[in-house]
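Look for subunit A in each of the two complexes below; its partner is subunit B in the first and subunit C in the second.
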Partner chain A sequence: MRMFATIAKLLVKRVLTAIPILLLVSALLFCILRILPVDPAAMSLPPNATVQEVEAMRTEMGLNLPLYQQYGIWLNKLFHGDIGRSIHFRQDVTSLIGSTLPATIELALIAMVVATVFGLAGGLFLFYVRGTRAEAVMDFLSILLLSLPEFLWSLFLLLIFGVFFEVLPFTGRLSPGFERPVVTGFLLLDSLITGKISTFLNALQHMILPCLALGIALSPSLMRVLRSSLLDVYQDDYIQQARLRGLSEKRILIRHGLKNAILPTLSLMGVQFGFLFGGTLLVEIIYSYPGMGNLMVDAIRNADLPIIQGAGLTYCIAVLVISIVVDSLYMILNPKLRAR
Partner chain B sequence: MTFEIDRRNLLQMLGLAAVSGSVLSQANFAFAQGADNVTIGWPSDVPSWDPNLRFVPDAQPLFKMVFDQPLDQSPDLKLIGNLITKWELKPDGLSMPFEIRSDVKFHNGDPMTMEDFKYTFVDRIKSGLKLDIANSWRTLTDIEILSPTSGVMKFSAPTPTAPQWLAFLGSYLVPKKYIESVGPEEFAKKPVGTGPYKLVDYQMNSRIVFERNDDYFGTKPKIKRVTIDIIKDPSARTAAIQSGQVDLTVNIPVREAERLGKTEGLTAEINPFTRLILLQMRNDKGFTDMAVRLAAHHAIDKAALSKAFYGGAAVPLSVPATPGTPGYLPDYKFAYDPELSKKLLADAGYTADKPATFTLAATNGQFPSDFDIARALVQMWQKVGLKVELQQIEYSKYFELNRGGQLPEATLYSFDNATGDPEIFSGYLMNPKMPFGAWKGPEIGDKILKLFVEPVYEKRIAGYKAVAQEAVETGANIPILQSVQTLVKKKSLNYVKYGNAWVLGSTMSWS
Partner chain C sequence: MRPIPLWLKSGRVQTGLVIIFILGICAIFAPYLAPNDPNEQNLLSILTPPVWIDGGDAMFPLGTDSLGRCVLSRLIFGARVALTVAFSASIGAMIIGAFFAHVAGYFGGWVDWVIGRVVEIWLSFPPVILSLILMVGLGTGLRNVVLAIILVDWTRFCRVLRSEVIVLRQRDYVSAAQLVGFSHWRTITREILPGTLPLLITLMSLEMGVAIIVEAILSFVGMSVGSETAAWGQMIADARQNIYEAPFNLIAPIFAIFFAVFGFNILGDGLRRTLDTRLTQTERS
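Take a look at the complex of A and B:
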C-alpha cells in the first residue's frame, strides 16, 4: 500500500512538473517555427495565387499580428482542443495526428521490445564472455551496431530480407488483399479484437523489418550500459556472499546481479524511447508506414506549420509520459528511492 | 565461464524458432499476379480525396481513377471529349457553349447533370470553400444551363485556355447532391466520382485500393482491382519492383532503371514528358547585361548534362516547350558554343581580373539530380570565365522569394505542364504578374499579357512560339532539358504511355 501511495505521489508531482515543461516547449516550438523563413500563407495557396490573395490569407491566418498575440491565440485554441488546420491537407491537425499516432505508437512499442530483448540478451552475453576472446568480438559488433543509424538499418534489412531472400514484406502495414479492421487504430489490437488472426499475422510480418531497424539501432547502448552495470554490481559484497552460499552463477546473475544492474538500463530505455520516436521519421518513409513520422516529413516538406507544431507537441507529451512511466518503474524496482 | 545448452534451453530456443517460423510461413505477402489485380508503387499520396482542393501534379493519375474531368487528353496530349462531348470557345473568348453526356452516373448511382457542372465550377467556389480550382477559374462568372445536357460557360475576361483547364489540375467533376447531403469533410473521406474505379480502401501515406466501376460510361478497365502502394523512398520503390511486391513503379534513379531493365521478367523505360528543367532568369543585378545572360546560355552543354544525369534520355531544349507540344519549335536550336560565350563576355568588357559574377539558386532533391546539375552548370560557367556562387534553396521558399523579388540572378527550376499548352509553359513562366517566373522585363511581359487574352488559337500559338524564341535569344529564359520519368514494370503488364507521364491503372492489362 505504501509503495502505491509513494508512486501516486510521484505521479502527481511529475504531472504537475510536466505542465510548465509543455508550455515552455509549446512556446519554443511556436517561436522557432515563426522565425523560420517560410511563408505559411503562400504555402496554403496554389502557385498561381496573386500577391493580394497571399496578403489576404496572411491577415486571415493572423500572421501579421505580433508574435505574442499569435501565440496567445494558438494557446487559447489549444486549450479548447483545437491544434489548428493543416495548410497542405486542409484538415484538422487533431484528426490527422489521431489517425496516424496509433501506428507510430505500435511501431515504437514493438521496436522498444526488440531493443530491450536484444539489449538485455546482448548485455548479459557481453558480461558472460568478459575476459574472453568473444568479448572483443562482441565489443566490435556492438560498436558496429551502434555506428549505423536507423535508416541505414532500414535499407540494409529491406535489401536482405525483402529483396535478396524475399521472405518479408516491406511496404505498408498489410499486404494487398487483406482488409484493414478499424476499431482503435492499433492494427494488431484491432485484428485481434475482430478475430482476424491471418490479418494479425500479416500485420506482424510487416512490422518485423521496421521494428528490427529501430530496435537494432537502439540495442547496443543498452547492451553496453547493462554490461558495465553488471560489472559494477559484481564488485559488491552480496555477490560474493551469494557465491559462498553455494548459489549457481546463473542464479546469482539473474536473481541478484541483473535485478540491481537493470536500474541504469531502465533509465536509459526511457531516454532511448524518446529518440526512438524521432527515429520513426525516416523508417516510416522507407517502409511506407502510415504513422506520424511519415506525416511529419510531409509537413516539413510543405512547410505545414500547424502539423509541425501539433506533432512536435505530441512527441513532447510522449516523451514526458514515458519518462513518468520509467520513473514509476524505477520506484517499484528500487526500494531505496521509496524509502526517501 | 562456459556456455551450456541444457535440454530446457534447447526446448526454449526451439519453441521460439517455431513461433518465428509460423509467422514467416504466413509470408504469402507478394500479391500474386493475376488478370484482375495490379499493384503500383507510387511516389506520393493525394493531399485529400477532394480533387478540387489542392493542385498536386503527381496526384492527377490517382484522381483520374475515381473522378472524371470534363475533357480528357489522348496519349499524345490532344484534347478529347469526356464528360463534355462538344465545346466551342466563342471568338471573343468570353463564353463557351458545351454539351454533356446523358449516360453518366456517379458511383452512388446518382446521374450526372448540368447542376453538378455548375456546382463544381461556380457554386462550390463561390461558397467560400478554400479550393485551388478557385484560382484557375477566376474569370468564370457563371454556367448558364440551357437544357439538361447543354450549357454555356461565361467569363469576365477572354479565357483562351478554358478547354485546356477543363482537362488540367483540379478540374474534376464532383457530385452536388452527395456533397450537399454528407458535407465536404465526409466527401473527402468517402469520395464519390464518375471515374472508372471506386475507392474501396485508403490509408494515408500507405495504400490506396480501387475497384472497377462496372457502370462506367467509358471504356471498361480490364483490371478489376488496382492497389497503389505509396512508397516515397526511391530505394524502397526499386526494392519493391525488384522483389515483385509491386508490378510497376516510377521515378526511380536512372541507373537503377537501367539495371532493372536487364533483370529477367522486368522491363524499364526512361520517358521524356511535359516537364521542363530550366533556368529562371532575372533582368537585373548581375544579369542586367544581356551579353552575360547569353554567354551563360551558350556555355551550357545540355547533351552532356542529359548523358551524365539522365542516361542521355532527357532531351536538350532550345525553347521553353517540350517536343510535340503546340509551342515547340523543332527547327530552332540555340548553340552550345563556349568560344562564343568567351567572346560575348570579352566584347562586354569582362576579363579574368574583372569577371562577370552572379548567383545560381537550386533545390536539392526537388527533382532528380537537381543540385548535381547546378554544380555542373557552375563548372561549365567557370570554364568560360563566369564567376558563379551556388546557393541551395528549399522548394517551399521558391514562390516566397520570387514574390519578394529575392531570387538571385538564376534559379534552376522544373516546371510541369500536363496540357502541353504554351500558355502554361512560356506564358506562366514569363508573365510578370504571375509568381512562376523571375523575369520581369516589360518587352516580353507585355507580349505575354496580350497572349493571355488572345482567343484565336492559331494566333495565340504563333504568338507564343515567337515570344519563346525571343525570350531565349534575349537571355530572358534558359531552357535546359526535358525531364524524364523512369518506369519499371513486369514485362507481361501492359499500359498506355502518355506524353505527360500519366500512368493510369485504367489503361493496364496483363498479357
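Take a look at the complex of A and C:
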C-alpha cells in the first residue's frame, strides 16, 4: 500500500514538473518557427491573391500582432484543443495527428518490446561469455552494432527481406485488398476487435521489418549496460554468499544478479525509449508507414507550420510520458527508492 | 609510460584512427581520387551496375545513379560533407556543452538548477525531431546543418561532464587552488579541466559518429546541404527510388556511413578504455 502512495506521489510530482517543461517547449517551438522566411498568410491564399488580400489575411490570422501576443492566442487555443488548421492539407491539425498518432504508438511499443528482448538476451549472453575468448569477439560485435542506427537498419532489412528474398512486405500497413477496420484507430487492436484475423496477421507482417529495425538498433546500448551492471553486481559479497549457500548459478543470476542489475538498464531505457519514439520518424519514411513521422516530414517539406508545431509538441508529450512511465517502473522495482 | 602514450597502443584506437585517416584522405583529395565529376549527369548511362556485374562500365566503378552520376565519385565527395559536419559540429557542441557543464558543476546552486532545467527541456525533444525543426527555422546549407547539430547535441556533453565536474570539485587540490586565491576561471581551466579532458575527448569522438548519422538523416529527408553537393544521405534517398533496379546504389552509401560511424565509435571506445582511470582492470582488458 505504501508503495502505491509513493508512486502516486512521484507521478503527481512528475506530471507537475512536466507542465512548465511543455509550456517552455511550446514557446521554443513557436519562436523557432516564427523566424521562418515563409508567410503563412500568403500560403493560405491562392497564388493570384492581391497584396491587399494577403494583408487582410495577415490581420485576420493575427500575424501583425507582437510575437508574445501571437503566442498567447496560440496557447489559449491550444488549451481549448485547437492547434490550428493545416495550410497544406486543409484539415484540422488535431484530426491529422489523431489519425496518425496511433500508428506511431503501435510501432514504438512493439519496437520497445523487441529492443527489450534483444537487449536482455544480448546482455546476458555478453555476461555469460565473460573472460572467455568469445568475449572480445562479442564486444567488438556490439560496437559494430552500435554503429548502425535505426535508419540504416531499416534500409538494410528492407534490402535483405523485402527486395532480395521478397519474404516480407515493406510499404504501408496493409496489402492492397485489405479493408481497414476503424474502431479505436489502433490497427492491430481494431482488427482483433472486429475479429478480422487475416487483417491482423497482414498488419503484423508489415510491422515486422520496421519494428525489428528500431528494436535492433536500440538493443546494443542496453546489452552493454546490462552486461557492465551485471559485472558490477557480481563483485558484491552477496553473490559469494549465495554461492556458499550452494545455490545454482542459474538461480543466483536470476534471483540475485539480474534483479539488481536490471535497475541501471531500466533507467537507461527511459532515455532510450524517448529517442526511439523520435527514431520512428525515419523508419516511417523508409517503410512508407502512415504515422506521425510521415505527417511531420510532409509538413516540413510544405512549410506547414501548424502541423509542425502540433506534431512537435506531440512528440515532446510522448517523450515525457515515456520517461514518467519508466521512472515509475524503476520505483516499483527499486526497494531503496521506495522506502524513502 | 611516458615515451609511448598508453592510448595509442590500443588496437581499437589504432583501428579508429586508420579509418578516420582513410576518410580524411578521401575528403581532402576528393577531386584527384574521384574518377568523375560527382555532379556530371550521363543520361545515356543511368543506373548502370558496378563494374564486376554484367553490364557494368569501367568508367563508373560502382555504377551510376538515376541521373547517370558516378556513385563512387559521389561517395568520395560525400566524405567531405560528412567529415566537415563531424568535426565542426562536435567541436561546437563540445565547447558549449563543456562550458555549461563546468559552470553548472563548479558553481552549483541556482546556476546548476537553471542549466539542469534547460537540459531537461532539450531532452524532452527527440533529437531527430528537434534537428528537423531547427533546420526548418534555419534553412538548408552546410553551415546551418552544423549549427543545428550543435544546438541539439550540446546537452550530451553537458549532462555527462557535469557529474564529472561535481566529483572533481570536491578534490583537495581544487580546494587548495581556491584557498591560494586562484580565480574561478583559473581554477576551472587549470585544475578541473585537465581532469575532465579524458572524458571530453572520448565523448567528442562518439559525437562525431552521431553527427555523421544526423547529417545523413537530414540529407535523406532533403533538409541538409543543397542538392548540388554530394552527401551520403541524399544518395540513399535517391537510391531508395530505384531499389529494385539498382540495389547496389543503396548499399554503397549505407556502407560508407557505417564505416565512418564505426571508425569514430571504435576510437571512442578505445579512448574510454585507456583514458578512464576509474575503469576496473577487467573492463579494460
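Assume the second predicted complex is superposed on the first by the 326 of 340 C-alpha atoms of A that agree within 3 Å, B and C clash if a C-alpha of one lies under 4 Å from a C-alpha of the other, contacts with A are read in each partner's own complex, and residues count from 1 in each chain.
Just so we're on the same page, a residue touches a chain if its C-beta (ideal position, glycine included) is under 8 Å from a C-beta of that chain, and two chains touch if they have at least 3 such contacts.
What you see is a predicted model; the values in this text were computed from it and never measured.
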| item | value |
| --- | --- |
| Room on subunit A for both subunit B and subunit C (clash or fit) | clash |
| Subunit B versus subunit C as contact partner of A:Ala303, first or second or both or neither | both |
| Subunit B versus subunit C as contact partner of A:Leu144, first or second or both or neither | second |
| Partner chain in contact with A:Val271 - subunit B first, subunit C second, else both or neither | second |
| Partner chain in contact with A:Ile193 - subunit B first, subunit C second, else both or neither | neither |
| First, second, both or neither for A:Leu320, with subunit B first and subunit C second | second |
| Touched partner set for A:Leu33, first subunit B, second subunit C, both or neither | second |
| Which superposed partner A:Leu159 touches (first subunit B, second subunit C, both, neither) | both |
| Winner by number of subunit A residues touched, once subunit B and subunit C are compared | B |
| Touching partner for A:Ile73 - first (subunit B), second (subunit C), both, neither | neither |
| Partner chain(s) touched by A:Ile285 [first = subunit B, second = subunit C, both, neither] | both |
| Clash with subunit B, by subunit C stretch, listed 4-12, 130-138, 148-156 or 238-246 | 238-246 |
| Shared subunit A contacts, counted only where both subunit B and subunit C touch the same residue | 37, 155, 158-159, 163, 285-286, 297, 301, 303 |
| Subunit C residues within the subunit A interface of the complex | 120-121, 123-129, 132-137, 139, 209, 213, 216-217, 220-223, 236, 240, 243-244, 247, 250-251, 254, 257-258, 261-262, 265-266, 269, 282-283 |
| In the complex, subunit B residues that touch subunit A | 1, 3, 22-24, 26-31, 37, 39, 41, 45, 47-48, 53-55, 130, 132, 135-136, 185, 188, 201, 203-207, 209, 227, 229-233, 235-236, 239-240, 242-246, 394, 396-397, 399-400, 403, 428, 433-436 |
| Interfacial residue positions of subunit A with respect to subunit C in the complex | 21-22, 24-25, 28-29, 32-33, 35-37, 143-144, 146-149, 151-152, 155-156, 158-159, 163-164, 228, 231, 271, 274-275, 277-279, 281-282, 285-286, 296-297, 300-301, 303, 308, 312, 315-316, 319-320, 323 |
| Residue numbers on subunit A that touch subunit B, as the complex places them | 37-39, 42-51, 53-54, 88-91, 96, 99-100, 128-129, 132, 155, 158-159, 162-163, 166-177, 179-180, 198, 201-202, 204-206, 208, 249, 284-290, 294-295, 297-298, 301-303 |
